[in-house]
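Both complexes shown next keep subunit A, but they swap its partner, so subunit B is in the first and subunit C is in the second.
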Partner chain A sequence: MQWRTIYRKEMLEYWRNFSWIWVPIVFIILAIMDPITSYYLPIIIDNVGGLPEGASVEIPEVNPTDALMMSLSEFSMFGVLVIIFITMGLIAGERKSGVAELILVKPVHYATYISSKWAAKLTLVLTSYIIGLFASWYYVNLLFGNIAFSALVQTIGFYGLWFVLVLTITVFFSCLFKSSGVVLGSTIGTLLLMFSIYNIFSHVLTWFPNSLSSHIREMLQTGSVPNALWGTSFITVGSSLILLIVAYVIFQKKEVA
Partner chain B sequence: MFNVKHLTKTFGNSPVVNDISFTLEPGNCVALLGANGAGKTTTLRMLAGLLKPSNGSIELEGMKPNADRREHIGYLPQYPVFHSWMTGKEFLVYVGQLANLTKANALDRADYFLERVGIPEAKNQRIGKYSGGMKQRLGIAQAMIHQPTMIMLDEPVSSLDPIGRREVLTLMEELKQQTTILFSTHILSDAEEISDGLLLMHQGKIVESGSLHELRNKHQTAKINLSFHELNQNYVDILKGLPGIADCFIEREELVCIVEDTEQARDELLNIVTTNQYPLTKFEVSRTSLEDLFMKVVKQ
Partner chain C sequence: MNVFSLLAPLIILEAVLAIVALIAWFKTDETNGPRWLWLVIILLIQIIGPILFFIFGRRQQ
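Let's turn to the complex of A and B:
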């Protein structure tokens, strides 16, 4: 009951501040930018010219899987940043402004407060991301060749878990700190650390959350879900849940004021 | 109904609230009076459940000590902040539902309380456009929305202009009939105007408490105020020694004598003034007020 009240209020807020408009648009642009520009690259080069006489540019053939992966690689950079930016103030902002005082003085369980806000933001992010990937799929089919709908759905499902984790890390720090800047810094720091760890130990850490996209590529190429992808998904979802619970435990012990 | 025992809150090493105990009776309006920094806000926040006490217990009648009391309490912070993109009514319905009201019930009560606090015409306006007084009133409405057994208001009138403060004081006077009120203030006249009881706080301790009537009786002593054309420091020493006079000091260009026996002191004073031909301009027999008590405590 209270959970739905907060969830609905967040949804209303996203309408009022136009998040429901601009976040999907940003994700659509991120998703289609790379496939489209690489398709038209030869034409662009031809028209712009400027290449010395006799120079020939070999542009490697882009297959549909590569094209779809381009969208994911934009998401993993700018998509993640967008998520962090729109999520960092989720809890921290309300605590800093003082609204949280009026909310938490009502008999609201802290777990309800955190999880409903988390779920609302996740709804916004995942919806935008799915719309974005559908747009990408449309152009990939049009320009590069066919990717099966079922493969798209699998991609959406598995890669979405990475966004769940990124969002949860941001919410986690948003529960810990009052300042959005500190939340931003800590989240990016954490992601960079994960990225470095994965880069160094990728040969042993086959189930590490960062390996999601390489497993997805394999899935798209072979047409079957590799075992490591299930493992990675399990780890990603598990660590998100644990982070959310730890965030609640810490938040509950903290003084709200 | 509210039973507070040995409540203490320490930030770092310094106790902001230092071992205070008191009880509140239902239906009373009690003022928590003290200078800025006395620990009033910290006390209220602990009672509201926003801060955890370092020590001591808070017990609401019928509940375990330190249990979750939020359902039975309404709280208005000193500077309430709302979602400015919501309308006043939306916000009330939102917090009403958070206090476990059904949607229909919350809608009804939102309308009722917007009317009650006097801002029904602004109910569909964004809160961002509200004036300070309107926000304060919306704040009182959100504290009342779930009809708690008591409401706590932190400096409800301090930030308002004279008209706004008059309106809010009148509103509190009315609400007193419905619920128990505990409010903090640093202004004695506000406390005297609407409260039945007083908790006087200073440096984290409750230094005096009781009903206004009791406190007045207890702390009123007779005094004689004298003004002179030219006030001479020597007068203090001379007058201090007279029979019937307990103490003598200068306050705001006036010589104040605390007296034990009014008649004797009056005669003695007048006698010495005439014999020595002091340039007396005013002679007044009066009683010390709560203001004097407040100042005495705060100055210590």
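Let's turn to the complex of A and C:
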């Protein structure tokens, strides 16, 4: 009951501050930009010119899998940044402005407060991401070749888990610190640390969350879901849940004290 | 397929983004930093301008 009230209050806020319009648009633009640009690369090079007489540029053939992966790599950079920016104030901002106290003096459980806000933001992010990937799929089919609908659905399902983790990390730090800037810094720091750990130990850490996209590429190329992808998904979902629970415990201790 | 019909959705999305940012700008009384500067950013910088305004431009509460 209370859970749904907070969830709906968040949804209303996303309508009022236009999040439901601009976040999906940003994800669509991110998703379709790279496939379109690489399709027109030969024409762009021709028109811009500046190449010496007789120079020839070999542009490698882009297959549908590569084109779809381009969208994912844009998501993993700018999509993740957008998610962090719109989420960093989720709880930190309300604690700073005092809204959190207003809600929590009522008999609202801390777990209800955190999980409903987390779920609301997740709804916004995942909806935008799914719309974006559908747009990318449309262009990839048009320009580069066929990707099966089932493969798209699998890609959406598995890559979405990465966004779940990123969002949960941001919410975690948002529970810890009052300043949005600190939340931003520690979230990006954590992601960079995970990225470098994965880069160094990628041959051992086949189930590390960062390996999701390379497993997804393998899935798109072979047409079957590799075992490592299930393992990675399990780790990603598991660590998100643990982070959320730890965030709740720390938040409760902080607020009660 | 001709170039225009492929790029039309992109151009429309860009325009919608800018228009929504303008509406949000009109409705916001207090912005972070000078108000007129945000108008310039929204109108002159493609795609990035409106996004920057949505993320940083508006003051919370």
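A few points about this structure:
Just so we're on the same page, the second predicted complex is superposed on the first by the 255 of 257 C-alpha atoms of A that agree within 3 Å, B and C clash if a C-alpha of one lies under 4 Å from a C-alpha of the other, contacts with A are read in each partner's own complex, and residues count from 1 in each chain.
Just so we're on the same page, contacts are C-beta pairs under 8 Å (C-beta built on N, C-alpha and C of every residue); 3 or more make two chains touch, one makes a residue touch a chain.
Values in this document were obtained by computation on a predicted structure and should not be read as measured data.
When the two complexes are overlaid on their common chain A, residue A:Leu142 makes contact with subunit C while staying clear of subunit B.
In the superposition on chain A, A:Ser97 makes contact with both subunit B and subunit C.
With both structures placed on the common chain, the touch criterion links A:Met1 to subunit B but leaves subunit C unconnected. With both structures placed on the common chain, the touch criterion links A:Glu58 to neither subunit B nor subunit C.
Using the contact criterion defined above for the overlaid structures, shared-chain residue A:Gly89 touches subunit C, although it does not reach subunit B.
In the superposed pair of complexes, A:Ile32 makes contact with subunit C only, with no contact to subunit B. By the touch criterion defined above, A:Asn17 reaches both subunit B and subunit C. Common to the subunit B and subunit C interfaces on subunit A are residues 17, 97, 99. Remark: subunit B residues 45, 48-52, 68, 70-71, 73, 75, 77, 79-83, 85, 90, 94-95, 97-100, 139, 142, 146 touch subunit A in the complex.
Partner subunit C is touched in their complex by these residues of subunit A: 17-19, 21-22, 25-26, 28-29, 32-33, 36, 40, 82, 85-86, 89, 93, 97, 99, 135, 139, 142-143. The touching residues of subunit C, when paired with subunit A in their complex, are 1, 3, 6-7, 9-10, 13-14, 16-17, 20-21, 23-24, 47, 50-51, 54-55, 58, 60-61. Subunit A meets subunit B in the complex at residues 1-2, 5-6, 9, 12-13, 16-17, 97-99, 101-108, 255-257.
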